[in-house]
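Please find the structures below.
Each of the next two complexes has subunit A plus one other chain: subunit B in the first, subunit C in the second.
Coming up: the complex of A and B.
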């Protein structure tokens, strides 16, 4: 048996990998992080995301507190007519804002917000913790499941029925039942489908919204907190902790496969042939890569291969970054408004028409957009634009259609900003396919796999691999593919560390 | 042409013109979509041919899969529980394969032509299982069920029959070996394999040679008590030999509706085919290892020697306190050994540690009425019948 150099080897230095490394390092475990790219951080990167939301306290505390500052960020649902809806997260003020469009919608908005907050809180505790696993016949697992059941039941008969009705519902039905403003419908529907492979009318599109609310502290359309300094400050804070916790980090260290001895993971082999041995191996890579590449299809039972091949993980979000020569002007927006998250999603039908071609790997000429302006004192401003429903593999090949697509996005932008075209200095466009190539995430999915009822909780990523363990002893999952999912909160990294510590 | 789908949906084997001519009873059954005889004349005559002459069975409906490619050997070793890493070219091995829970899916035989070409034979269709298992291996899987005609020749004179047919020096072929022959101008693969527990061979050729091969073989065996042989007689011979049959002696894990009916290799007497020491992972290894370590095996499949001469078909097995401890999965009066034998699935420790004071409740049919018999059983080796000639090299020859 090879002598063990490390207690844990973590494959991938994304935020979850770093959170996990820090918790283990803090407990005086010898940890090595192998990152394939030149820098750590993975998809927590301005190339992919618009902003970093707040990190849950439980995660921050588990690694001794992260000194991070947050700035509140409002949301503007842009309208071609200039009658934008501005939400800031203060329910009283938001009520007044919506009332300008419709008093009925304003009241309904409060009810809807209250209901969704309550449901997401009910799920929240469950989301933050390790999921139960019934097959273990473990008392605490049953207790956990019982508690969730109890929490749901404690909502009261009326809300319980409502919860049961909504859990598999599509968001469009719920919004159309409540609101008459198509712009407000479009905004909330946008936040429900963002990052997923679903349209607003697809069954199950509502649970994506509940998930996002649960992991981001119940606030979404409006009341967001953005991390000051963005992804750089988040990752550098984690790296600083790593340094303090004596976590060893190797960058440009791409892992080829997991080393297996006596049906147990004992280390990793890099593409350059270097080998490292450890008592445990923790994968921050997506489940499909972890199973089929790191663990290897030859070491998996047929049934497991079937399940991992059915795992849905095709990304649907592209990112357009525009470097600007000067500040753009958005129609009927003041300079304060430009600090907000600006959403181009004027109606549910707009989303659906956008979603339809993506089912056939085709592109819509009028995409759904989320726009954030970035301006530093000493550099030129830039626009970060998330483009929903950009297929993973586009019909005709991304390389042939990329340019036309980018132009169509800018054309949409110019409906809301008359001078945008003259402001553009340079453009960078990243497709889900690029994310797969550049960030080693199969499918290029934000969450390393769809957030859907069949891929959540104890079923995430696949049955038999819940609770951060894989089918191979000694190999663990700590990334977004594990429970609860993606979203830059580090919960899976934290929970995985707890499981590994218990086993070490 | 018959336009009724009930008939046209059934496939005919390449031997159909011959088997239908030989059928005196018009008793047929469906096997993997083919129609083949259950009995040609009487089950007793056919059984006797297998034990005293040569029996000929149309094996064509058997699921046959060709596995080719650079990883073919690795893949086959991964698919089954047995260690096949040392398997030699031109040999055959008996195998079982399991699902991830370590429950048996089926048993069969694997034929190795070279490290890049194998043929897997089994009673049921398993193309999807093979294809899904092949993920990660450089192999191609082809269903060759319809493109290979196969006959099984079993019995003491089978070697002589095939020698007369044109298979020179066949007697030197050892059990579980195979060899290519050119007979009457066409290629025939002959393997020393079978399902009767006696000297026997299986022959494999292109469907276009089937009728000619059948005619030549029957001509060659004319003086050697050759006789066509159906499913019912096969069932008798296989019980005597102690061979298990999927979905009779145990439920295939993919067919079982109740999870408790699924069986691990240890529960059907196939533990000897599970090799943890082999270098690479195999499907079901994790679960089987756990079962072995934690001794969670619940049942066993044993041979029973039962008092009296009334076969214990479907009998419930009891201990001396009349507690239900298992069931008979196959039973018969063995004409060769003059013993009342059965295969039974028992709840452990019965059959393993406790082998005495076991009783079968037999319901013997006597013209519409049943006679209830309480018969004492003895747990014995499953292999009731195992003549010396079965494994003898060179094989016995007769004139």
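Coming up: the complex of A and C.
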């Protein structure tokens, strides 16, 4: 075709979109990125993210290395009694810390950590590559499946059996079998359900934790960082690369729909009427928007339409940002503690009580919190608080209940910090609804879709669309909705680029 | 040679124990079954606890009992008769009702009253679920392979298992999509699963009931869709998914099994509670009972659940340490209670029109998944559900042997009831309070119900534990979650009905394929015992 201008048009300039664009650009492909917002970066934004894992080597190498600086963060589980648990990801030190609470727990923690980290490594190799399809009669897919089976088998008989048991297990059972400290149970359970639509007692929450560990250096409490210059510096680094790889970027260019000719994606049309044509179209948008808005229901088979309509992508995490007049004081915490990741999740039952109403989009007055204190030399400190479970489209409508909810969060905070109320200067509260609105992610879900077995691996986002290709020729997915999911590591972007390059 | 020597001793005369015993007796072995209660049957019993009324006071309806077992053991010859029932109904607070019938078209019409879309979706739904039933059916008869072993038997077993998962459907479709659907079915919550088909709350609530009965899962818990299968895969007279009453109560099933056992020279000794397994040189050689007797045998087969088998009657030191640890962590949680009620007449349920076959089977009054999940949330807190899910039926409507003419027996199954009741546990007073609460709940839908009550028996998980011997009162002898199914049941590595202790076997519902009055674990275990004894094998389980 004569008007074919680009090799690839990427819809959405989130980190996955930019990673994908860079890899393609590096291979001298002509790439255009259309971003609806004024700036690229999508959800990689301090408004949403508190802590990040380090970007995996495989990703940064594939775009020629990223110069990012990470500040490691410890974790502190707050307790009303002041007996907080502080963990930093160093097994030796963490063992000593837990031993102060219970020597049995400390020993068990090492065993538990060893087991989990081995499993996350085994699964991680599989998780971070593109997933194989089954019954595809493709040799490399079978080889991949065989390799996974072999890897699992190589764990040894005992571990193999344990692995088979743990895949569908809930985290609460495993923690209660191992530990006696309810605070430690609460803390680990918190990390297992973070960002998901599961409670600690929901089967499948354990695989959620394994996924998290695979991204965070196979460690429970290590591998948690703050990026120097904020998580946005990841985006600026990517943009700089884009510049070098001559990737064209259009901001404030919201795509209306994907152009289709002869059952093939040939380009995009913007809301302002502009049209761009390319050999491939790669969507960094979430699967639901990709299918229902960009493609349009009229272009889908009934079966595909039904599946995408039931793709589960309702967010459950809100963010409360408090601008403070002065440094707050937290009970029995020193300045070191304030610099750590502070978690309010005193027990499994606390999480569960909080999770119960959220199943039907209602709110609990005692949410689970992950707190991050930000303090620059020249500005006032602020608290960024991740609040779970704050359901998408909450019952009663967020605009009506927001204020009470925020007050109840502050009430919980004041259990741990006596002067917090007097420190607050202003509050901003971002609900999953706001994330949907402002970041164009339907459902406002962190991972663009639940991380549960029926939406993982070859089933992610929906059966038939796995492996980054959608049901339409020439249209690809590169966002967190594709395998392996979100978490600011750019792997889906990288894997998608590989698939697209193969097809080009 | 010591006295009291037999070929086989089976511990516990429940339906699985009797099934295993009968198969082995039929193969020509000398089998002795020891039962702790004065009566036999375990959880499949009919008992006259109030003069004139027979209660199926544990399990109450029949469908899962494998037809092959009925044929192999000629249970019909020994008096077993299954009476299929016509339908089921959910009553609504607005006076309406929702019903399913034996007849597919009637069901579709009934659903259409509530939602046209759901009526259409039901066709798709029943086809998909039926497909899952077909996939699992051959697996019920198989011993799960040990995936860590490289023995040809296990490798072929694993292939065989995989083959069935990729089973062809009627149209010959054997593909990616079908396998994905199976994976999803095994891992999803029933709520998410039903959401893919139906729109109206009442349809979903009615169907979701089957996915939570007996489990410690709620309708929102991933994995609950699979439990649905445990209530769908059964059949009555060749009709898949239907349910029926056993004539004369559930005790007739175990009575028929005992008939078969006796005919083949086997013996059941009631009132003989086994206290421990006698171990010599690392082998099980016999058992000792509470009344001081000792019995010896070549093989011991336990029909007790995994916890009782390995933690109570077997000495810890004769088992590997990590195995004991696993068994200790085996999830077996009581979540159900029961009321058995002797009624002076048939109670009115004004919601259901008179003569509607929907009222002939199980009746419910949970109108939405949200209500159901709320009931589960209460249980998680250690309380009985304030607004419980009940599965109630009146077997005497179709089976006149349960009560005198004009009188009726009603069975009410209640989900969820905790084993460990918060604030002090169960006592007689709280048990009665629980019973009154359920009666009140039912009275809301039946104005004359209370006046008709002659007597009722309240069963809490505590009673099921102490009387029937189901640990924590779990009716499946172990949770039906992914971590405890197939090669993981009861624990990974020991899913082949053998135990770490030589000559000791387990045949209870704690093994594959799990609970329900199914008999398959018993039949599978008998096969493994006979294989090890190099005995001739006959019947459908070989």
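To be clear about the criterion, the second predicted complex is superposed on the first by the 499 of 504 C-alpha atoms of A that agree within 3 Å, B and C clash if a C-alpha of one lies under 4 Å from a C-alpha of the other, contacts with A are read in each partner's own complex, and residues count from 1 in each chain.
Everything that follows uses one rule, which is that contacts are C-beta pairs under 8 Å (C-beta built on N, C-alpha and C of every residue); 3 or more make two chains touch, one makes a residue touch a chain.
Please read all numbers here as calculations on a predicted model, not as lab measurements.
> Based on the superposed arrangement, let me know which partner A:160 touches: subunit B (first), subunit C (second), both, or neither?
Once the two structures are laid over each other on A, A:160 reaches subunit C alone.
> I want to verify the contact counts: of subunit B and subunit C, which reaches more residues of subunit A?
Residues of subunit A touched, subunit B against subunit C: more for C.
> If you stack the two complexes on chain A, which partner ends up touching A:202: first (subunit B), second (subunit C), both, or neither?
In the superposed model, A:202 contacts subunit C only, not subunit B.
> Check the residue A:177 against both partner chains and state whether it touches subunit B (first), subunit C (second), both, or neither.
The second partner, subunit C, only.
> Look at A:263 in the shared chain and tell me whether it touches subunit B only, subunit C only, both, or neither; answer first, second, both or neither.
After superposition on chain A, A:263 lies in contact with subunit B alone.
> Would you check which partner chain A:292 touches, where first means subunit B only, second means subunit C only, and both and neither mean what they say?
first
> Of the two partner chains, subunit B (first) and subunit C (second), which one does A:306 touch, if any: first, second, both, or neither?
both
> Which partner does A:271 reach: the first (subunit B), the second (subunit C), both, or neither?
Neither subunit B nor subunit C is touched by A:271.
> Which parts of subunit A are touched by subunit B and by subunit C alike?
The answer is residues 306, 464 of subunit A.
> What does subunit A use to touch subunit B in their complex?
On the subunit A side, the touching residues are 263, 292, 296-306, 309, 464, 471.
> Quick check on the complex: what are the subunit C residues that touch subunit A?
Touch list, subunit C to subunit A: 147-148, 166, 174-177, 179-181, 183-184, 187-188, 192, 195-196, 217, 220-223, 322, 329, 331, 370, 373, 377, 380-381, 481-484, 487-488, 491-493.
> Considering the complex alone, what residue numbers of subunit B touch subunit A?
74, 78, 99-100, 129, 132-133, 135-137, 280-281, 283-286, 289
> Which part of subunit A faces subunit C closely enough to touch in the complex?
These residues of subunit A touch subunit C: 133-136, 153, 157-158, 160-162, 164-169, 173, 177, 198, 201-204, 306-307, 310, 312, 352-353, 356, 359-360, 452-454, 458-459, 463-464.
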